[in-house]
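These are the structures, in structure tokens.
You will see subunit A twice below: alongside subunit B first, and alongside subunit C after that.
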Partner chain A sequence: MTHRRSRLLRRGAGGRITASVYVALVLIFLFAPLVVVVLVSFSSTSNMNLSLSGFSIRWYQQIATDPLVVAAFGRTALAAIVTALISGVLGLTGALGAVRLTRRWRTAVFTVPLVPLAFPALLFGIGLATFYHAIGLGFSIWATIAGHVILALPFVFLVLGAALERFRFSLLEAARDLGAGSFTIFRTVTLPLLRPAILGAMFLSMAISVDEFVIAFFTAGSQQTLPLVLYGRINLGVNPGLNAIGSILLAVTMALAFLAARTSVLEIP
Partner chain B sequence: MLLTPPTLYFLALFVVPLLVLLLYSFYTYENFSFVSKLTLANYTQALTSPALRIFYFRTLKIALVVSITVVVVSYLFSHILMYVLPGAKRILYFLVLVSLFGGYLVRIYAWRTMLGRNGALNGLLISAHLTDHPLSFLLNSNFAIAVALLNFLIPLGVLPIFSAMQNISPRLLEAAQDLGASRLRTARTIVLPLTTRGIRAAFAFCFIATMAEWVTPQLLGGPLDQFVGNQILYEFGETLNWPLGAAIALTLIASVVAGLAILFALLRLVTR
Partner chain C sequence: MNDRPPPVVRLDRVTKYFGPVIAVSDVSLEIREGEFFSLLGPSGCGKSTTLRMVAGFEEPDRGSIFIQGSDVTGTPANKRNANMVFQNYELFPHMTVFENVSYGLKIKRVAKSEARSRTQAMLETVGVGGLEDRRASQLSGGQQQRVALARALVNEPAVLLLDEPLSALDAKLRKRMQLELKAIQSSLGTTFIYVTHDQEEALLMSDRIGIMSQGELLQVGSAREIYESPGNSFVADFVGSLNEFRMRVDEVAGLRAVARPGDGERVAVGVASAPAPGAFLQVAIRPERVRLARRGVANGGVAEKTRDEECRVFGVVGEVMYLGPLTHYLVDTPALGRIVSQQLSERREAPFAAGDHVVLSWEAEATFVLSSSSDGAGES
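After this line comes the complex of A and B, so read on.
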């Protein structure tokens, strides 16, 4: 079967070379900005034209002693952790509730939270800002976290939804038949089976929160996160220290996304 | 019962804020502030202001160019992964997913350093003798905005299109080829019709995202390249005319969604 398929779809070497060049060009285009940011962040001079004159970590030392950057780093970490905790708990309760539903209702329950995924961050951002204004709540990192949870929930539900598709509901029945109470079933069957998905979803939530800019822009007020500091300084002019902040953001989000993929076995076809 | 906490959270922090935004869009703007006196004036202004019309059309133009380019590039990319280089598709698709987590603001900033007068691209062009002086139209232009948006949106275009192709049974392709269809004909009559959902999703996502974009034009565009989003931001941040900003934003999203619905309905009629 596979042999026959590969024969059917085989092409001339010329076509494969053209195709490979195209794929390579697209990937170079996608990764070019990321590579440039990291390269320039280790450059010893302050010019940005990639004429790398030497390796240095001076920009990292510079931002490490910058109290504004350090404070923003702390807030970003706080936002990521709290966002992951809240969206993890909400995702878990939602998933456990959905377990008892019929398949059709379950699909519905897992589709609604996907709406913010395609919804423009600008509109949600000004919506949150007017909402906080209307109820007389000031802007703060907590206001931002509340919004980040909404952005993370679609991903939490996607990951947990996929886990529930594979979930063997017969195990719950078996546990019940053997006389286990509902809390025992939860603790010894449901939770262990869903744990990788929940952890993966929480790592993903952290990645989203760390990198998020628009909602933070409208709701954080003076309690700036790392992306907000980056934005503020870009407006002041180009400065190589910014590449170091950018590289840190990049490394953290990618590491978190990688952890998410590893723990929850996100389906990569 | 267990569904209550996430439902309540979703209602309280997503649905209610948007309803408040809707309410604010009817408020009256007076003396650099706004009061809860309901009026339709903001919508009249959002719909009829000639100055705003320039912003709408400028945004629409770039959104169409960007969305169509994303769909074409991602479609070709996915098609090659699935049918030309199937041995490498897992790793290549994984790389695309990785680039998704490359940071939103960081990437926009990177384009700023790359496209500037002393940036990497000009350096490359000069050393390749393609130009003798740095090109200044690379930054603070439509070009820079489009490049950064494409960079950010192509992975999001590959995602739905690739997964639509992934769902096509290879048996269908075998059947077509056993019946004598050429590769091109198979691609056109089997793969393309079965991936329209993916294409529609990719186009809609890119179109909505670009229509409501403001960071990219702000950081990479010139003063005459600003989007509707920047005007909304201006009403919120500078004039403090939140009601007008809200009315522009809601008019924008409503017309974008209506426009997409009409476009897809027409396409369905044409391709039937």
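After this line comes the complex of A and C, so read on.
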């Protein structure tokens, strides 16, 4: 395997140029739409084309004074933070419990939360809405948060499960040997050592919550999040203000994803 | 011997199963105050499990464990007056050396200033003073070893448990740490229970050694007792190396059985109880107890001048193996098969070469009988 890969990597200048062009094309294909969204958001006119007659931040000023957008931004932030906290706590306790199981049960416990991921988002959203309605829980940002927790939990579980694979549980034995009780061990050894993974998982949850649309659409009711406001505005007509909202969502999501990758990839020593 | 102090650790008929497998079988043992005690045995013999039961990480299925006279069976590890040095040290990677070593004192709510001075003093004792602010990952293997030792010893436990603590170090450092560990132990006077599979290490450091095999404690004794008077063939073979041979008893004189396998040859072995003439014995002798002399040809092949008149076995040197301080002579004897004689190496050249005719001899008391049978059918 390694051998074959090293042979593939060892090739002439022609091959290297072809590879570079290929990668460049993929990157352009992936990111060009995003770049366009961001560029247009700084337009000085209400033109949606790429003529870029001038640079301005007027569209950002406009949405910053739009009470509907500001309220939605607040709700999105609230949803992201609460989702991260709840899924973080649930995921940590669940993963810590699951690693004590035998291999067969552990596999089962780590697989079941993945099921909603394989489900079409639309059906999942409708299902949630029906369920909330049936149990008499009204539509609100809190209903959305509950949905986001379900969505984020498998990712938290996977990140923490991977971290616990590498965790040296014998360190807990050492702490117990030195006189520490279960809670002290958790506070002084388990938590500090898992902190990078926990933070990474929480950033990931926030990123998932921030740009989630379908669940919010079916469960938020009148308490719209930013993606919902964006969608509503598109139906009313397009202007660069929408791009400004989109750009903000994009920036926040990318920052969170970056933080998630950075913190959880950090080697646990 | 004046009257012995009560044992620091006592195991009373301790048995432990892992599923259907018996890990520790009916082990009773007393560890004395201030003693360096080693549990020695091959991997999987139950020595680590025994240690972990004393620490409180495993609970015995039967039997009881006492520390300083009180029954600690069922008491969790954090409530036992014993501390452990782990095989892989298990230093906390997110803490400095100082935080690692003072961890136990902090848990016990020892006053900050006292904790600080005790931690400093212990780091000095084990030879890593000045490394307080380092992280575990910034330490060499030997330094980690010392910090792990300090982290356990600073709590002043009644007994320190060490689980193969030197096995991760290279040979040279290992030798040095063995001596230092022994020195630290005698200067602090702490009772040590030391688990190892390295017989040399156990012989070098221990006041007493317990040999384990397949969950059973086979023999307990000083290094010399274990080595010179092993209780059975497993102990004899595990501690040091052995020549084994089989002989037919021709005559018995007191606690000495003699065979006369060939013309002029005489094999004498010490026995615990006199066997009947005609019995077969399975006998062992350590290579360093086998003496070598050149066989003179002047008197028609009869050994004229061995240093020991009691024992004479003729042979031809098959191979000479130079091992630095020692040389092994592999001697082929018609009577007993191949016998290894271990000698101190000569500086210039070996006194015997392959093909030399030699006479082997030994003191009858240096041998041990592994098994005996009357008809020669059954043996070891």
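To be clear about the criterion, the second predicted complex is superposed on the first by the 251 of 269 C-alpha atoms of A that agree within 3 Å, B and C clash if a C-alpha of one lies under 4 Å from a C-alpha of the other, contacts with A are read in each partner's own complex, and residues count from 1 in each chain.
Just so we're on the same page, contacts are C-beta pairs under 8 Å (C-beta built on N, C-alpha and C of every residue); 3 or more make two chains touch, one makes a residue touch a chain.
What you see is a predicted model, and the numbers here were worked out from it, not measured in a lab.
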Taking subunit A as the common reference for superposition, should the pair subunit B and subunit C be classed as clashing or as fitting?
fit
Just subunit B (first), just subunit C (second), both, or neither: which does A:Ala174 touch?
second
Superposition-derived angle with apex at the Cα centre of subunit A and sides reaching subunit B and subunit C, degrees in steps of 10
110
Mind telling me which of the two, subunit B or subunit C, contacts the most residues of subunit A?
B
Once the shared chain is lined up, is A:Thr184 touching subunit B (first), subunit C (second), both, or neither of them?
second
With both complexes superposed on chain A, which partner does A:Gly88 reach: first (subunit B), second (subunit C), both or neither?
neither
Examine A:Pro154 and indicate which partner it touches, taking first as subunit B and second as subunit C; both and neither are also allowed.
neither
In the superposed arrangement, which partner chain does A:Ile126 touch: subunit B (first), subunit C (second), both, or neither?
first
Which of the two partners, first being subunit B and second being subunit C, lies in contact with A:Leu230: first, second, both, or neither?
first
For A:Leu193 in the superposed arrangement: first (subunit B), second (subunit C), both or neither?
second
Min C-alpha distance, subunit B to subunit C, superposed, in Å, is 20
Contacts of subunit A common to subunit B and subunit C in the A-superposed view 268-269
Across the complex, what residues on subunit A touch subunit B?
4-6, 8-9, 11, 15-16, 19-20, 22-23, 26-27, 29-34, 36-37, 40, 47-51, 89-91, 93-94, 96-98, 100, 109, 112-113, 115-116, 118, 120-124, 126-131, 133-134, 146-147, 149-150, 153, 207, 211, 213-214, 218, 227, 230-231, 234, 238, 242-243, 246, 249-250, 253-254, 256-257, 268-269
Quick one: in the complex, what on subunit C touches subunit A?
55-57, 76-79, 83-84, 86, 88, 90-94, 103-104, 107-108, 135-137, 151-152, 155
Enumerate the contact residues on subunit A facing subunit C in the complex.
168, 170-171, 173-181, 184, 188-189, 192-193, 268-269
Flag every residue of subunit B that touches subunit A in the complex, lowest number first.
1-6, 9-10, 13-14, 16-18, 20-21, 23-24, 73, 76-77, 80-81, 83-86, 89-90, 92-107, 109-114, 116, 118-120, 122-123, 150-151, 154-155, 162-163, 166, 170, 173-174, 177, 183, 204-205, 208-209, 211-215, 219, 229, 232-233, 236, 242, 245-246, 249-250, 253
